[in-house]
Amino acid sequence: MAQDSIQLDSQGRLKHFLTTEHLPRSLLTAILDNAERFTVVGDRAVKKVPLLRGKTVVNLFFEPSTRTRTTFELAAKRLSADVMNLNIEASAAKKGESLADTLRTLEAMQTDMFVVRHHESGAPEFIARQVGPEVSVINAGDGRHAHPTQAMLDMFTIRRYKRDFTQLKVAIVGDVAHSRVARSEIHALKTLGVPEIRVVGPKTLLPRGIEALGVDVHHSLETGLAGVDVVMMLRLQQERMQSALLPSGHEYFHTFGLTPARLKRAKPDAIVMHPGPINRGVEIDSAVADGKQSVILQQVTHGIAVRMAVMSMAMGTAAQAS
Amino acid sequence: MAQDSIQLDSQGRLKHFLTTEHLPRSLLTAILDNAERFTVVGDRAVKKVPLLRGKTVVNLFFEPSTRTRTTFELAAKRLSADVMNLNIEASAAKKGESLADTLRTLEAMQTDMFVVRHHESGAPEFIARQVGPEVSVINAGDGRHAHPTQAMLDMFTIRRYKRDFTQLKVAIVGDVAHSRVARSEIHALKTLGVPEIRVVGPKTLLPRGIEALGVDVHHSLETGLAGVDVVMMLRLQQERMQSALLPSGHEYFHTFGLTPARLKRAKPDAIVMHPGPINRGVEIDSAVADGKQSVILQQVTHGIAVRMAVMSMAMGTAAQAS
Amino acid sequence: MAQDSIQLDSQGRLKHFLTTEHLPRSLLTAILDNAERFTVVGDRAVKKVPLLRGKTVVNLFFEPSTRTRTTFELAAKRLSADVMNLNIEASAAKKGESLADTLRTLEAMQTDMFVVRHHESGAPEFIARQVGPEVSVINAGDGRHAHPTQAMLDMFTIRRYKRDFTQLKVAIVGDVAHSRVARSEIHALKTLGVPEIRVVGPKTLLPRGIEALGVDVHHSLETGLAGVDVVMMLRLQQERMQSALLPSGHEYFHTFGLTPARLKRAKPDAIVMHPGPINRGVEIDSAVADGKQSVILQQVTHGIAVRMAVMSMAMGTAAQAS
């Protein structure tokens, strides 16, 4: 996949946001810088800017996710866009319309942006290749492939607390094998210059050959967290816990749950992140999730600003460089 | 529950609206006076005021109710707020997230108001105690406990037709035992100075010891309605009719249904109210529901204005005193 | 049904839009002319005009249809209206409220327009007769009766490509018997002066006595399409294909599917229309649906402009004559 060519227009400006892979550092930095400007909007009495006024944003969700849809809907409304929520499983699919026809129909309504969530990896790119030049596609999570806005809100949070990416040791902990979040995080961390990225988890939950991405593999929290600046926890999906891959949530916590004692292996000022929703007592102890090193709720706040940044850049109404 | 302290801020201004209990008469009167000003908005060509522009109102419904949600959504939109509808049963709960985590996440999105409907009594107060100082909570009905905006639109309707609360005889008729509406009405009527409040219904549908609230108990419509100025009917829930408490809807109507003949026991200018939706031929005869003493549809209209008043007061954009 | 009297007010202005039947040519032309003005809105950076600002449009859908609801919601939002989506099956009906009471309640909320979709023919007219003078009703499809906004977007598309209705030969092809679209198209084509209208389909799918509407009946595509300027395809409902009326989708395509070869019977510059969603390989070949004579996607674009025209005329904010 040569996604660089499809994500950027001929002037190198963000057109679609499908993955953090193959994008230049300057563009990721521009997203973070724009998001920085949007954080102040959330603190104002009137939390609205007119950058997307008269634009129509369509939330195209082929897989239900109230939480993610809500963050995109909020970001779009704070940019003054009109938002349409379409649950595709429940509508056109029933009438036997093909995905391509659904997309062309939505385009013919002169909509401006599709925010796509899909259970199949590659679906947002497929859609981006189908649509005309007027429409931007934002990936809101596809299969095990990518979740780029989540990764960028994580980068934003890291920069807020740690400033310089080039001095950091970062650990990504948990079910890396099934995680689109982990993939997007690794690409973004690499591009932004993080010198040491570790993935930490049991063998059954780490993909074989992941070292090829330039990460270090650890099978114990003790070594994996030693001396890191940032701990990025992953959510353990319920369906994994019920599968043969793992004995139980309880047993997982026993070995890989982040407890205050284990967190002590990291630097004293290390921050703890999680994309939510958290499974308390499974991948993370409540004392850590609610503790002073946790920045989990700040991530949520940053998520709105980062999505506003990506949406306005893709619509050409925010700066493309810093 | 010392709800006075949580409903008002340190300056005595409305912060959360959870129950009509323990609130001073001046504050209830301020709600009615603000609502009076908002009634004109509904008559304008442009039914919108900018009081909540740039605010995010979240309808947090743990129990489905299209009708109630619609009134709050309309009120919020006429105040120019952005509205997010979340059906909690259908979303985060499925992923196993705790209520507390859901609330913190919504707060982290810098939302301003939660309109909460919940099947459990006390849930909105629980939520109000969890949220930070930036968020207001409005109770849209919790278990058998309270439905304060319904009670206030009833008070507004009574004042419109009867002016002086201190001269009135009011009868509340029906399933008082299971009614959050009845509880909120009784507290509001008491606070506003109504000298005679009667509850009327079969023994199985009146809670034991209700006299302690300062109301008179009647087990027949004949005595219960004699000489009253206001008849407040309650809705008979379908599930009650199917339970052992009551023989059938038909039989209930035979004894407690409000017919034109029975209404004659009330004053000739008595008004008839009902929170809707009405069960025609169960608790009320169509001739009464559609008759000239009925103010049931006016209640709906007033409901929008009263909810606009409560929402703008809680957001600090409307007067707190008259 | 004397729907002319209910669709127009005493000054002959559009009040409700229930059917294309019985409306004067001047009014249909005014809809097309207004839509012409609205097409430019979709091309602007800010796709919004303030004509319905502060109005409340209620999408009252008694039959689910994401596609149709989306077009009305978009049209309303581009007119700056507030939109409420109500799925009636899923709400009040559950609580046993009558349709009449639901309507009165919505009216009491001072809403301005009901966009009604219903599985029963005549339901929107029934509703228009119930509501007070403040509310307009737009038919978004009722049973087999009418789908007037679809018909008018078809007329708009024909006028765009063919200019003069009085010189045209038009063929309507497919399941005419069960099609509300076909009925509304025939009435509109007649009123706008089309001299030759043909209905083309197997006997089982053409209603008996349809000649009384002034159309020519053809049972083969070969004769039906000969020399026509416009081919209006109808969607073949899945449920028809499974019934005794038709052997199978495949067999239908064999006889009545529109292929490039059959389209050659029409004039070389004939346009091909379809209300969507299309069944590729059933009523239409992909080579035709995606071919250069197809204007199917243009229809979708025109649909937004036509609905904006109808809504603003019914609200009295657009010209009623050309």
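Note that the chains take the letters A, B and C in the order they are written out, and that residue 1 is the start of every chain.
Just so it is clear, a contact is a pair of C-beta atoms (placed from the backbone, for glycine too) under 8 Å apart; a residue touches a chain by one contact, two chains touch by 3 or more.
What you see is a predicted model; the values in this text were computed from it and never measured.
S.K.: Any idea if subunit A and subunit C meet via the same residues, over half in common, or different ones?
M.R.: Because under half of the interface numbers appear in both copies, subunit C and subunit A meet with different residues.
S.K.: Between subunit B and subunit C, how many degrees of rotation does a Cα superposition need? Round to steps of 5.
M.R.: The superposition gives an angle of 120 degrees.
S.K.: Provide the C-alpha centroid distance between subunit A and subunit C, rounded to the nearest whole angstrom.
M.R.: Computed from C-alpha means, the inter-chain centre distance equals 42 Å.
S.K.: Quick one: which residues in subunit C touch 2 or more of the other chains?
M.R.: Within subunit C, no residue contacts more than one other chain.
S.K.: Which residues of subunit B touch subunit A in the complex?
M.R.: 53-56, 82, 84, 86-87, 90-92, 95-98, 101-102, 104-105, 107-111
S.K.: Using the touch definition from the top, list the residues of subunit C that touch subunit A in their complex.
M.R.: The touching residues are 42-48, 64, 66-67, 70-71, 73-74, 77-78, 238, 276-280, 297-301, 303-304.
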